[in-house]
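All remarks here apply to the structure that follows.
Note that the chains are named A, B, C, D and E in the order they appear, and that numbering of residues resets to 1 at the start of each chain.
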């Protein structure tokens, strides 16, 4: 658990300006941590932060439930599953890619010797499908875009643990599987000469969020601290976009252990980030994904706007406008 | 010179008097009937009480009644039975294969130093490496179908069988080998009558680990291209964060594990009834 | 009536003649010096040859020379050493804690039936449940810092120590307990002079498994809030598909595992030199 | 012997008091069937009996080591009982001296242990492992272990079975010396009738699960086989054991076997 | 015995031929120091010697069971050797009959095993576990196991040590009968000088690692202790073993111990 709780705050009440002294915010967001440290912006931060090297849906959710962190950094799918499985969370920050068509987070890997050049060719193919993961949602989104139903393809259920999809493609166990940019390069490096390719998925997959348990947001001090943090976070995302080489070195090379070349590749592939000051479009796109999941996975219908805490939308907008 | 005393004196004692010198008992004494269940019932009690009093957060560890309800749902829609059957078949096949391979390797390596030099090192290497890390290789060589799953389970199973049988065999008292040599038995008779029974305690201990390993390996293999199975059920539920289903899976694991262990220990008691140990 | 034959006859034989009845050897015979390395060297050789001839696709299993080069890079930038130290400390602390707890529980449960009824069941439950599935609970109770990691390792370690020591203890020959009872030793003397040495073979076998378990558990615990460590290095590398780093990690695992195993077996040979077994 | 408390002594004085002892290992039949036995403090009793007649079973009952065995009866023994088992039962993981002094809580335990080893002819072997001893040496080490602890009751199950004649005589002398000094009650199982007569105050024969024969020996302190009384007693005991004329069996030639001895 | 091939027979005929045998367990000193021994086919040799004199070591050398022991020398034995170990060494996980017939490849193995068990007085115990047998019963089971396999050389290490007088006589008779029929060479370790004289064609005494004494026994087939020649031989062997006047040690009274016997 964290330090003793601050005063209770209604979710509708205005965010307090300053957290009480001694408030510690526990953050699972290593990339932002590195960006803040490298840019030096961390010195301007007024709140005490305890960093945890935790990312990804399942791990942050686990940590929320164990009250080990206050805020996590994930794509747009984990908050949905957190909600559907009974952990009350709110999205407190949103990020997208400036040029999502040319800088997708995922591409569809195509196994050597399989003839798929566009998503329409997916009909009848074996597709790796990991329900519950962002990759799984992506597959459903792609099928929707391609006008195919789940019955038109063969979904092979397997979890995308580490490079499992890349291996499954390389050994031709599946025809198509979504691959994160970080894996696209190694996949092609290994199997391109056998005829492996990747195609663009044609759907947007660039949504990125910060989310926090509602209980944390109901703590006035923590809420104030998060308000500070999302502001710094927003600036850090922009700093990343503006300093790709420094970020590549500091994060992907030093922190994640990639080679300089791979680090640069990954940063380039993800492109520049934008932090929207209005979330309307972001939420609308998110709702489409939700509806796809509701239909494709029998989830309970959800008005996704209800899990956004839009008080932070304003806080971010204020911070970005104030600085620019 | 010699006085004979007739052995006639007979004490006035009730028919069933049974007075024995009271000597401090150092061994554990007689087994308590169904004693093994006490601890498990206590554990269950703690869970129920913890959940009822709110000491255990239901988001972390689902309450027992929710687990029962979830289990009922899973049984109604047939998922649990289906998973059990699928996983059961996989685990059994993997176990059978692993036990057979482990046993043969242990015999070869245990009875010949040449066999040992070749076999033992690679097995130590194998067991130092996380099974998870072997999966990519296994997928490449065996695909993502059932054979890969069964062989992966077998790979997890054969290690404890090998190590325990090898160790059990090597620690058979040397005097029994001497005896066998003077009786002029053939190598096969030696294996059958001396080595196998002598290594049996070790083998059975290994089997206790092997059975659990076969179940645990399900979690690893059923991540890949599985549509049912206990491991698949748990993995899927954990990626959705469905704690209640996970806990149902774990309860099933606990039941299977404890039952299998009890079965092996029962076999142990029967097969090793010739032993006179602290336990008997 | 009686003929005495002086024991005088002395055959004309060279000083060092040593003719013994040739009897088929049924045991494994003398250990081969450094024999344990042969299999490992063979494995290494197969890897080198396989890679050189292209039989092993480098995309599946990185070539040895690439692994060496990658290892050199990792050593140059200090990541490997740092990981080794971090993981080494974690594994050692977890191992120490787990061994101590396992030993105490095994003694309590092995020497008293009441202790057994309470302890044995829950431990069987624990070992039927995948460690991965316990992590959420452990995070809840212990947070995501070092204590959680060390205790998780200890939890993986204490099971084989407990089971093997308990089993070793229970299979001490009953006649030695009888002897101790007639010698009027105290309970503590009984534990020290009979139980511990008698259960030592079992304990040491358990230790062989415990050491490997402590290393394997690193992969599981170093997924959570770790910034260095061998397990962390492997997990991170696999999320980016860096096969060469993974293989470096696995080679380190193999080295650590085989070395630790050899150390325990060396201790075994020394500590159990009183045994006369098939192996000696 | 001076310490013998008189015949048919009241139970209160007895070191060992066994009443109506039954023991059986299976339903087929009992091994001990209502055995009564009384041993006075300081009395040396030799126990004879056929192989399988229940001698070890009786000793284990006296030592309180037969918890699992079905049976009834009353067994009363002193607190300090020392047992020499039929197998010498040295802990294989302890060196000889450590075996001898195991559980001995005297300050000079090791010295006493070394002295006991010297007395049984094992000086210099204190650091040997049990498996490095010959059969007879193991038996003597077990004897030393029993003797260092001054028991009130010594139960010895064929302690001299694996010893040659000379060593055996030495052990007899040692045992008698120690008995003289510490006055324990002794129940000694032996197959050697001569040994029984030489050592004991009383010889009992176990047969059919009861004490079939109970003979006080009154030959004085110097007992010689040459003494005709010795020979008579010997013949009597042997006949109790079923041997009419020992060491006189004819050497059979093929086809003509001694019917009597083989029966 | 008729089959004895004559004294100082050429080596070629010998069943056992041991030349200049050395064995030592540590640098301190050898257990066997240049021992020579020859046993003719069908000859029955009894081996006497002090406890720890190397009797079992010699037997193990003859049985080829001392691979790890340092030493030199030449040992020649027949192919079919049967050993009765000093411990009875029954496999604890096999019932008695299975122990007896282990490795026996005759078609009627089990019948022969049952018969052998009956002969050693263990009828009906064929399904017992070894730990359910008394010490003497275990020894007899081990004897039965050796006897069912008609060896050319029988090496027996105190096979009758735990037997009472009557059972012992029965086993003597049985052993002699079987020797008469199958004519194996026998080397029997015993501590009982009488037993040696009654059973053997030749008695040897092991001392200082060599055969110190080698006595052919020519008392005919009927050997009685009453025979003065028997008594002479007995006294002679006992004196070889260091016993001047057996079973005549004085019973010590406290403080006055027999110096001679205790030395």
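Everything below uses one rule, namely that contacts are C-beta pairs under 8 Å (C-beta built on N, C-alpha and C of every residue); 3 or more make two chains touch, one makes a residue touch a chain.
These numbers were taken from a predicted model, which means no experiment stands behind them.
Chemist: Find out how few touching-chain steps suffice to connect chain C with chain D.
Modeler: 1
Chemist: Identify the chain pair joined by the greatest number of C-beta pairs in contact.
Modeler: B-C
Chemist: If we define chain centres by averaging CA atoms, which chain lands farthest from chain D? Would you check?
Modeler: Result for the farthest chain: A.
Chemist: Return the chain whose centre of C-alpha atoms lies at maximal distance from the corresponding centre of chain E.
Modeler: Comparing chain centres, A lies farthest from chain E.
Chemist: Hey, how far is the Cα centre of chain B from the one of chain E, in Å?
Modeler: Averaging C-alpha atoms per chain gives centres 47 Å apart.
Chemist: So, what's the distance in Å between the C-alpha centres of chain C and chain A?
Modeler: A distance of 41 Å separates the two centres.
Chemist: If you average the Cα atoms of chain A and of chain E to get two centres, how far apart are those centres in Å?
Modeler: About 86 Å, centre to centre.
Chemist: Measure off the straight-line distance from the CA centroid of chain B to the CA centroid of chain D, and report it in whole Å.
Modeler: Taking the mean C-alpha position of each chain, the two centres sit 46 Å apart.
Chemist: Where in chain A do residues touch two or more of the other chains?
Modeler: Within chain A, the residues that touch at least two other chains are 65-66, 163, 170.
Chemist: Check each residue of chain D and list the ones that touch at least two other chains.
Modeler: As it turns out, chain D has residues touching two or more other chains at 63-65, 81, 87.
Chemist: Check each residue of chain C and list the ones that touch at least two other chains.
Modeler: Touching at least two other chains: 23, 25, 136, 140, 175, 180-182, 185, 194, 238, 275-276.
Chemist: By the touch definition up top, name every chain pair that qualifies.
Modeler: By the stated definition, chains touch in these pairs: A-B, A-C, B-C, B-D, B-E, C-D, C-E, D-E.
Chemist: Would you tell me which residues of chain B are touching chain D in their complex?
Modeler: Checking each residue of chain B against chain D gives 1-11, 13, 15-23, 25.
Chemist: What part of chain C is in contact with chain B in the complex they form?
Modeler: Interface residues on the chain C side: 23-32, 35-43, 57, 60-61, 110-114, 116-122, 124-125, 127-130, 132-133, 136-137, 140, 160, 163-164, 167, 169-175, 177, 180-182, 185, 187, 190, 194, 201, 205, 208-209, 212, 215-216, 219, 234, 238, 246, 249-250, 253-254, 256-258, 261, 275-280.
Chemist: Along chain E, where are the residues that touch chain D in the complex?
Modeler: 25, 48-52, 55-56, 86-87, 121, 132-137, 140, 157-158, 161-170, 172-174, 176-177, 180-181, 191, 193-194, 198, 220-226, 238, 241-243, 246-254, 257-258, 261-262
Chemist: For chain B, which residues are in contact with chain A within the complex?
Modeler: Answer in residue numbers: 57, 59-60, 135-136, 139-140, 143-144, 223-227, 232, 235-236, 238-243.
Chemist: What part of chain C is in contact with chain D in the complex they form?
Modeler: Where chain C meets chain D, its residues are 175-176, 178-186, 189, 193-194, 197-198, 200, 272, 274-276.
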